[in-house]
């Protein structure tokens, strides 16, 4: 069968230890033809396999403007993710995708972009952020507020310092109170608070947020206070997906399949769905 | 529609003839349909097989591919499924009616090739329900004890013979190929068939108002918790349901050699949506609600069809004696 | 990202002659997770260990499999080797390819194949090994000593001298125990009081030692290093702080009561001290017999006490104290010979027990040291001693040998002859068991020097005839039936567990055997320990012991306690069980099967349901790592470090 | 029910030729039986090489599931061995094992597994020869039975 | 039976009125006369829904435990847990005995409206609401079938059970209806490590069924619910009855018979059978 479920074999080219329990894997296509044909948009996800252990969905965290490789950042939480963490450079894994919708990039053209991310939630934003950086002219101000529990829990540390240095990017990093160390130069505080301090205007702006549910909840409160409307806020959901194809029946929120109608939703869309995510 | 007659005793002969160049699937016991090797194995009974037909298109355990570690890396071997022609004989009309419903799901956006390969290779000869079992409610969902949706041929047991309704071209081709078994039907037989169908339809008393449900089922209703009380999450309803299609993907083996499987799963299970750090349906009633709302609201919204054919298995086999038709009534009444 | 090193040892030719070690090492290199594989002639030698150390550095190994001899030999060696290189010592597995492969198989191909399998299993297991660190628990450096006999006294002295606090809890009004009842001690014949009294004084004077007499331990909770004991101080009716021990009260007390201390051969008063050298020298009113308490009148003691120490209103007091270790020194009691119908079923007045004889022969005893017939007070001229009464008797007594009856019987014979050189002493015995320093000599002395008559055989009947006892028995050496007319018969009754031994065992969570004697941690290697960490045994509560053995075990037990006290924290066993509370449904099967009482119930808040639930929790310091809990639990909530579900399953799947 | 898409399933496992060497998995407590096996080694007592030993702290750590799993994964026989009653290092672990294993064995027998395939022994640290004999006998037992037909 | 229904309603009314119970778990008529279904009464006005007849065979003890159970002692927040009364058949009562033994709740947390049939139940109902006949025919039939299987040769037995287990579709209904399957997470849902393969292959089905049976040894009170609900007719009662017999023979223990006893596999006796060991 020309299986929908048959992944491409990918070789691990690099493993980056982001935090004690998050690693980023850079995967190269085993087959050049597949590589050439492969295309994706920021916000899409794929299913990654460790053969013998299973597959799990993660967003593609690199930018479509840099699609030499596929990158994914994986937090150690279960069987498949544990198996990923045991792998070395040179090992073979599986990838199928891309699946799902993507960030409405065209709609963002000419707008001020505000990214609010927490913890590993930066992974899907990273794809879009680099995409925007690489096509910087199409957007107006770009603000990034990113935080984690502690300095150790910040992902993509190398890139964060790059972003901080970029002149046409306003990058604010923060850690939760108590999570700082001696060398920390960023803010100390929760993402919603810091976001309000930075205070971007809602005018002609889009917010893209992703992070732990509790953070999102308070980011939404803050945004409302700052005058943002629900349709200005975009997030990407991580539901339990299995097939990625809208068939296996587990990722639906009401009649929306996260793997097909999502994973990117505006907050306005989400408000219309049952509160089951 | 064109019609033929098949003498009762010729059914098993027809099966034997079909077996020469087909796989033949038919009820083999009260429990299930199964592949048969002779017409004599045909098990015709008043009881609907416990298990539906869906496993012949969407197997409970399906190997998707095999992974093998080789000298220079890893090899993936897709599994091949047979495309030998297959005939299903004496399928219940409701079971068959579930296939067009499932076609929608397996065909939207991404075509599930193995499912459609099996659909493609299969000719279906249904057998009308005489009499319809007591828990059925097919009529209210547009079906019938002698329904034709999804079938290529429909057999209706008349007093002296099977009335054979030719529904599709594929059905017609089969009748032509095995013409020696069939006789012409006549008006009297055709009328007899129609009369019987009316009689049987009248015997199906349970009903579901699908249109109302689609409008009235309410996620936020307070009734769900009460309705779900009896349910023990046994998942029998989903496993026996001809339309339930939720599945899991699992690996078996190790990094040297493994198979990836597609397995039936059920929304009734606690671990169905459980993630390491999050469980969107943490409690029992939310799973119960998902099952009913999926069938009568979400699926209709996405595919324009109810995810139910009224076969009544979920009522007949519910360990707690829950009647879905009553439960749905209460769900919309008591919200 | 496991990076396993596999080190295959030749063990000279011990392994290499049967197993193709080079081939094994080569194939092992392809096993999943293996980063490096090699062989060496003697892996345990210094160069071998160096080789491992270098490989760890060079190949950045994070765990190792050593294929060599049994882990019982060199596991510690190789663990040390890992530790020296900065790895956790538990990131090691041993594949036993010598004892369980090369030495037991002859076919080289078979042995090679098996060796590779064993290595594959060890590799699969080690991939799941996790660094283990022993936990630490604080220690309260105080010892609770239950029982104030010679055993408890000695233990208290040892602990006290070492500078730690010891608390003796004694049920009787005075410490001293059984030894205080004895007259002389074998084989040296020094007087028991002479050697015991200084010890009693020593404990009472040691500022580190607290003595609660007329007190009982009611409840013990907690675990090693952290026990909490509830102690009931029974009302003495005498204020110990005021009492000077002058003795007026018990002299004046009009109520005479049969003396327990004198084994009911003599009398005491209702207000009394059990014996003259009692420590503390503070009397106790026996309320069951006191005229005031029984009839509401008298109060003579109160009026006679110059310091006003008598306090009829005094009540029991229950105190709670913390301890790090518990020394059980509850001693023994003697077998009740009333089950022996042939010996008069306890009805014959002139048939007494050895302990009664001790009191009788003691110069401060009820008879002032004269050996008299209890029935009529006449001088005893002929005495028959019968050994093994209750001991070695499965039918009516206990199966075991009480171990000291032979000795004290010899002593009794000897003492009798000393008192009455013209009298006759006979001993009926089964065997003489005199294994101890100078013991055999002592028995000989009784026989040869003092002329005690030893008759090997059982006594079949004792009966009264003409106001005298007749002892009928067999002399198996001469093969004749003998009858001895005796004034007194002394039974060497067995030493048995105290009546409430089982209650004590349950309170402490220690096992006991079919004789209700407490079970030591290991019959050979842990004779004073119990399976409950921090609870130690001394003296006859574990098995009958003579004084030297009792004192030795007391010192041994206190040494164990002191070892605990040597640091303010304890290092636990690293391979212990741990319960995943998210999987626990609170059935407590684990608690029921844990041999060490190492599982407690704790209340947690379920993050999902937001409700509290009671789940099982392992007290690491008590866990010995047997793994029983891991198997009894159906959900697999407990897991054993070092032998986890994952590890064993991986090992199995690699077969 | 059909099991389609199974064309890649495993090959036939029956290998009933003369050179049949059964696979025997043994779970041994480390204090008695494992030490007994070591003693057999020290004494150079020969026994069949079919056995693969898994060392556990106490026989009570041997989950009946492990025995089931061993059989599922192709072991032809399983042996569980611990200290003699009363000798358990943990005082009573082996008593629990005895109950569990008796029940497991009864169940497996009822399901049609020959009782010779799953066995239990008490082997103390001093019983090297007994260990060798047990392995010898069980290997013979299983050889005579042949592989489990699946 | 009518009398029992009356008595149940009377007691339920009293309990709810007096506030001694917030919830009565019992049976009501299902979609027709041939079907009974568990019902949950919290309001006095609803008491007349309660019935008892020969279709009331469900083991209601299931509704007391597990994730959604109405009663578990481990829920300390008692104000959130209702005070429960339950209509209990002898089978239900035996399960309740086991659940109390396994500390799932304390006896005093539950009001038992018991129906007796002369068999041993190991617990005193708070109220006896009726007497019914023991179904001796059914247990005799199962016993006979157990003997029949015992008389087969080992390989016949193996083949017979393989045939039975081959039908298993791994729906886990047997587990879901069992009052003793109250684990927070069933070992069959565990994947680290994975003890039981999830798919319905012959090996996986065998392993699942063996482990399920093992986990019930000495606990199963043979209510027969697993057997009743199995949609593919695997005769699970045979395993239950067989193992209960073995437990009784070897350990002189009967599950559900004594609320103060320790479950058979949570205890031992030094003189347990030893002759099966080399």
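Going by the order they are written in, the chains are A, B, C, D and E; count residues from 1 in each one.
Definition applied: a residue touches a chain if its C-beta (ideal position, glycine included) is under 8 Å from a C-beta of that chain, and two chains touch if they have at least 3 such contacts.
Everything numeric in this text was worked out from a predicted model, so none of it was measured.
Asker: Minimal path length between subunit D and subunit E through chains that touch?
Answerer: 1
Asker: By the contact definition above, name the pair with the higher C-beta contact count: B-E or C-E.
Answerer: Higher contact count goes to B-E.
Asker: Give, as an integer number of Å, the spacing between the C-alpha centres of subunit E and subunit C.
Answerer: Centre separation, subunit C to subunit E: 45 Å.
Asker: In whole angstrom, how far does the Cα centroid of subunit A sit from the Cα centroid of subunit B?
Answerer: 40
Asker: Cα centroid separation between subunit A and subunit C, in whole Å?
Answerer: Each chain reduced to its C-alpha mean, subunit A and subunit C end up 64 Å apart.
Asker: Centre to centre, by mean C-alpha position, how many angstrom separate subunit A and subunit E?
Answerer: About 48 Å separates the centre of subunit A from that of subunit E.
Asker: Give me the residue numbers in subunit C that touch at least two other chains, ranges are fine.
Answerer: Expected reply: 593, 609, 632, 645, 649, 653.
Asker: At least two partner chains per residue is the criterion; list those residues in subunit B.
Answerer: 32, 51, 60-61, 64-65, 79-81, 114, 248, 250, 254-256 - these are the residues of subunit B that touch more than one other chain.
Asker: Listing for subunit E: what residues touch at least two other chains?
Answerer: 67, 169, 185, 187, 192, 195, 265
Asker: So in the complex, which bits of subunit E are touching subunit B?
Answerer: It comes out as residues 30-32, 35-40, 55, 58, 62-63, 67-68, 167, 169-173, 176-177, 185, 189, 197-201, 204, 225, 228-229, 231-233.
Asker: Can you name the residues of subunit E that touch subunit A in the complex?
Answerer: The touching residues are 191-192, 194.
Asker: Quick check: in the complex, which residue numbers of subunit B touch subunit E?
Answerer: Contact set of subunit B toward subunit E: 31-32, 50-51, 60-61, 134, 206, 226, 229-230, 232-236, 238-240, 248, 250, 252, 261, 263-264, 266, 269-271, 283-284, 315, 317, 319-323, 325-326.
Asker: Which bits of subunit E are touching subunit C when the two form their complex?
Answerer: 67, 72-77, 80, 102-104, 182-187, 190, 192-193, 195, 215, 262-263, 265-267
Asker: Using the touch definition up top, name the residues of subunit D that touch subunit C in the complex.
Answerer: Touching subunit C from subunit D are residues 23, 25, 30, 34-35, 37-38, 40-42, 44-49, 52-58, 60-64, 66, 69-70, 73, 75, 89-93, 96, 100, 132.
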